[in-house]
Amino acid sequence: MRALSELDELYEEIILDHYRNPRNNRELDAPDLEIEADNPFCGDEIKIQLKFEDDRAAGVSVAGRGCAISQSSASLLAELSQGRTREEMKNSVTLVRRMMRGEELSDSELDDLGDLEALRGVRKYPVRIKCALLSWVALEDMLDDYPAARQQVSER
Amino acid sequence: MLDVQSIRQDFPILARKVNGNPLVYLDNAATTQKPRQVIRTLVDFYQQHNANVHRGVHTLSIESTDLYEEARAKVQRFINAPVPESVIWTRNTSESINLVAYTWARANLQAGDNVVTTAMEHHSNIVPWQQLTRQACAELRYIPVDDDGLLQMDAAANLIDERTRLVAATHVSNVLGSITPIHHLTRLAHSAGAVIMVDAAQSVPHMPVDVQAIDCDFLAFSAHKMLGPTGIGVLYARPELLDAMPPFMYGGDMIIEVTYEDARWNDLPYKFEAGTPNIADAIATGAAVDYLSNLGMENVQEHERQITEYALRRIREVEAVTVFGPHDASLKGGVVSFVHGNIHPHDLGTALDRMGIAIRTGHHCAMPLVRSYGVVAAARASFYIYNTKEEVDLLVDGILEVERYFAHAGAK
Amino acid sequence: MLDVQSIRQDFPILARKVNGNPLVYLDNAATTQKPRQVIRTLVDFYQQHNANVHRGVHTLSIESTDLYEEARAKVQRFINAPVPESVIWTRNTSESINLVAYTWARANLQAGDNVVTTAMEHHSNIVPWQQLTRQACAELRYIPVDDDGLLQMDAAANLIDERTRLVAATHVSNVLGSITPIHHLTRLAHSAGAVIMVDAAQSVPHMPVDVQAIDCDFLAFSAHKMLGPTGIGVLYARPELLDAMPPFMYGGDMIIEVTYEDARWNDLPYKFEAGTPNIADAIATGAAVDYLSNLGMENVQEHERQITEYALRRIREVEAVTVFGPHDASLKGGVVSFVHGNIHPHDLGTALDRMGIAIRTGHHCAMPLVRSYGVVAAARASFYIYNTKEEVDLLVDGILEVERYFAHAGAK
Amino acid sequence: MRALSELDELYEEIILDHYRNPRNNRELDAPDLEIEADNPFCGDEIKIQLKFEDDRAAGVSVAGRGCAISQSSASLLAELSQGRTREEMKNSVTLVRRMMRGEELSDSELDDLGDLEALRGVRKYPVRIKCALLSWVALEDMLDDYPAARQQVSER
């Protein structure tokens, strides 16, 4: 157990909780946006759906399968995105990227990320960063380029 | 039998610690470690003989050429090829297969023909044939795999028909470990008038392979999976086929005469070796072949069989684990792929790495096969001459420890 | 300037004796010797980090991947490529050129188009285009060489026309040493709407090369000609071109997803690197680049210019010798090709080798060019960072001695 | 000169004499057999012509350019072949090959080779063996396979 205790940094309590009990993973009825993304190298798959009301995310669904990091990150994304505008969501993507690059974030930026801060430990495991980012990159693609993203989904 | 403890002394990397623990290297199907004899050969070449080959009258060039051709002859004897010029140096198994696809197959495949491969191939023995058959309006057929991870040979007999020009099959699966009935496939191919290409990436390093006994037309493998350096592989081909094939890459060394208008091809094997070859790594491959020959390939195979048998037994003690492929070690090479019911392979791999245990996780370059088991990723432990039963114990104990970790962590 | 004496200490092979004499290695255009820093890098990799790249979660695989990509970034900076993924690892210059011929050129060349190359190319930059233009019913044109061994640029301006799709030109001739006006050729190509492929096998090792300043589309070179190991080369290409090109070889690592029916290609640069790459030699190429960068490529070039100037002066003291190519060292790389009126190059090469002096003899993989000088073979001395003026003296004294030998021998 | 004295073994007096004064190098008028051969790697070229009378070589011409070894070997071939039958010539080819492989020849075999024994020194310079053999291999090809050889000539 000694060797594995170092893993606590990677698998923070909150990460494992989201992995075991993913939030908002029920499919939406008529989403406004939808994207699927995968990392075939490690077998992570994710599907994000968004429904807007008054320019804010009223419904968010994130479902997939994969490792603890990719799936908990996706679940945290769903939780965090509730009620947010496109701009606010894109801002979070930037923050998550910056955190993964090892940049120091300000207190207010950390506030904005909320529980996501728990993903900080991934930085020490560079090959796992792409697991953590999978859903965020997909979210960004979806927000940036809705029609293309939509098409990519239907092409599969 | 192998004297594993003295073998281990030959592998400097095995003295390394990973995350504070002794390295337990169980990723041999991806690439093997290198003994000091192979490393020493590289150093000696660069310190004593290095020069370009084939065209030089000076001593270094003559020595380099001799060493380079001596290495080819060693490989020839190792796989019992009829003549040295039936051994072509390539970069790796993938290039060997592409060479056949670009030359023999493009020249011989017509619309309506088919290529037959198996459902347990590595991407390198799938994608070239997908592209080729698509271009040629030909069909690509897959021999299915049964529940035990073995080829369905009755299906094979039906799939291989009079329009089959090529059968491309692995000798040993890098995921399931299954040894395919390659003699049987060869007979089926030949009686249909087809040629057969054997992906021997996982067989030549691990068991005696005799290309004349198999009676195959093409056979491919990589040095880096058999104690040799990266960047060098082999295509064996029947010389009559090589003679009739157009060249693959064009340039220096593969020609005998060039005018501004035209070129004449060089003799075999040089016709297929354009440009300065990977001289040093070819020579070091000769040293790898020497090392394995000294051990005896029967002994290598028997050692792996024992380790694999032990691993299959022990790992199934972990209840949540499902093992893919044959459960009988005598039907397979030293590869054990598995999934754990509660832990994703990626998390398992990261956790085992904390303990110094290196396994491979993911699709193992055989996505269609892995997905056919209903998963997108698997964990794989693969063995070689320096692995011990104690290392299998460390793996299984490690898995159990990871289980406990994930059961308790986060619940603190 | 270079501190040649301390540089020589880094090259273990220079301590070697050949036929009882200290080695005088003047065959650097064929391949260069390797410093201990490069050899050490290979040894360290195999003893400390060896694993397959890209797909592993275990420490060795992560380290290997990092080292491999770090080496790519070193090459990127060395040639000032815009992004790391514009640097593709190949086996050698010949493969780099074939890659472009099989992918970009096959997709873009149509009947009636033409490819323009020069009369002073290496076979590796002739034969692929002969084959390609023949298949496509396109034309292959050669920019002629004038009596001083320089490209006739007025002819070039006429040959490159609106049907030109590709200009394929060497940066430095491996026979004449001539430096071609590559910026000029690039402008001619681009204003005709063509792309340009630069054979930089003899320039990148010997002078500062900046792909963005040249503004070329493709550029190829080999590590073994620049202190690096055999078996590894580079194709630089503009990323937009690489993105639009179909893959060359198919298999593991170059795909992102494979089903039984189809495959999706991986991102750059991996789309062009099928199978296990030549990991160790790529990493050692990084060490070679470090070594050269530490010396400074301007200094390397200046050193070679001085040696070449001295060699041109001294060798012309031998009356029977005719030197090919520019006689002005500032117009050429460190290559001096020549014939002797009474002694066949082959006999000269054998005789010099008795004195430990290694030169190349033959057609230098540029048969059409060599024959245009009315001979079928020539002798060539080529220099690098560790060569000295004293070695040039040994060469010239050696030639004079061989002259005396053949004048007297047999007449005893 | 010290270093080069070892070369005497390769460049025996008789070799250099044949190199400087090649025998039988004038083209024949209407040869019965003709072949050209080259070794482009070192730039050796050779052309052999044969004219038979009563099954014996009545006219032999060998011309070419190249190194001392290839050209002297060709000249020796021309000299030796005069008056010989096809079988005798093919026999000499076998003897030359065997000598180059380093086999010991019997006295009568050495007799048969005559001055050719001077080529023995080439054995120590393996890359030069193909220079020595160039004309002999061509002779053999020509004798074995007359029509094909002829065609190959005209194709050039």
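Should a chain be cited, it is by its letter among A, B, C and D, assigned in written order, with residues numbered from 1 in that chain.
What we mean here is this: a residue touches a chain if its C-beta (ideal position, glycine included) is under 8 Å from a C-beta of that chain, and two chains touch if they have at least 3 such contacts.
Since this is a predicted model, take the numbers as computed values, not measurements.
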Exercise. Could you grab the centroid distance between chain B and chain D? Build each centroid from C-alpha atoms only and quote it in angstrom.
Key: 47
Quiz prompt | Euclidean distance of C-alpha centroids - chain A vs chain D, Å | solution = 79
Quiz prompt | Geometric centre distance via CA averages, chain B-chain A, whole Å | solution = 38
Quiz item: chain C: which residues touch two or more other chains?
Solution: 19, 55-57, 257, 346, 350, 361-362, 367
Quiz item: Where in chain A do residues touch two or more other chains at once?
Solution: 38, 40-42, 128
Quiz item: So how do the chains connect up here, line, ring, star, complete, or something else (other)?
Solution: other
Quiz item: What is the complete set of touching chain pairs?
Solution: A-B, A-C, B-C, B-D, C-D
Quiz item: Can you list the residues on chain C that touch chain A in the complex?
Solution: 54-57, 62, 65, 256-257
Quiz item: Of all residues in chain D, which touch chain C in the complex?
Solution: 1, 3-4, 6-8, 10-17, 20, 38, 40-45, 65-69, 125, 128, 131
Quiz item: How about chain C: which of its residues touch chain D in the complex?
Solution: 19-21, 344-347, 350-351, 354-355, 361-363, 367, 375-377, 401-402, 404-406, 409-412
Practice problem: Over in the complex, which chain C residues touch chain B? Could you list them? | Solution: 12-13, 16, 18-19, 23, 25, 27, 30-31, 33-34, 38-39, 42-43, 46-52, 55-61, 91-95, 97-98, 101-102, 119, 122-128, 130-131, 142, 222, 224, 229-233, 249-255, 257-263, 274-281, 346, 349-350, 352-353, 357-362, 365, 367-368, 371
Self-check item: Complex contacts: residues of chain D adjacent to chain B
Solution: 38, 40-42, 126-128
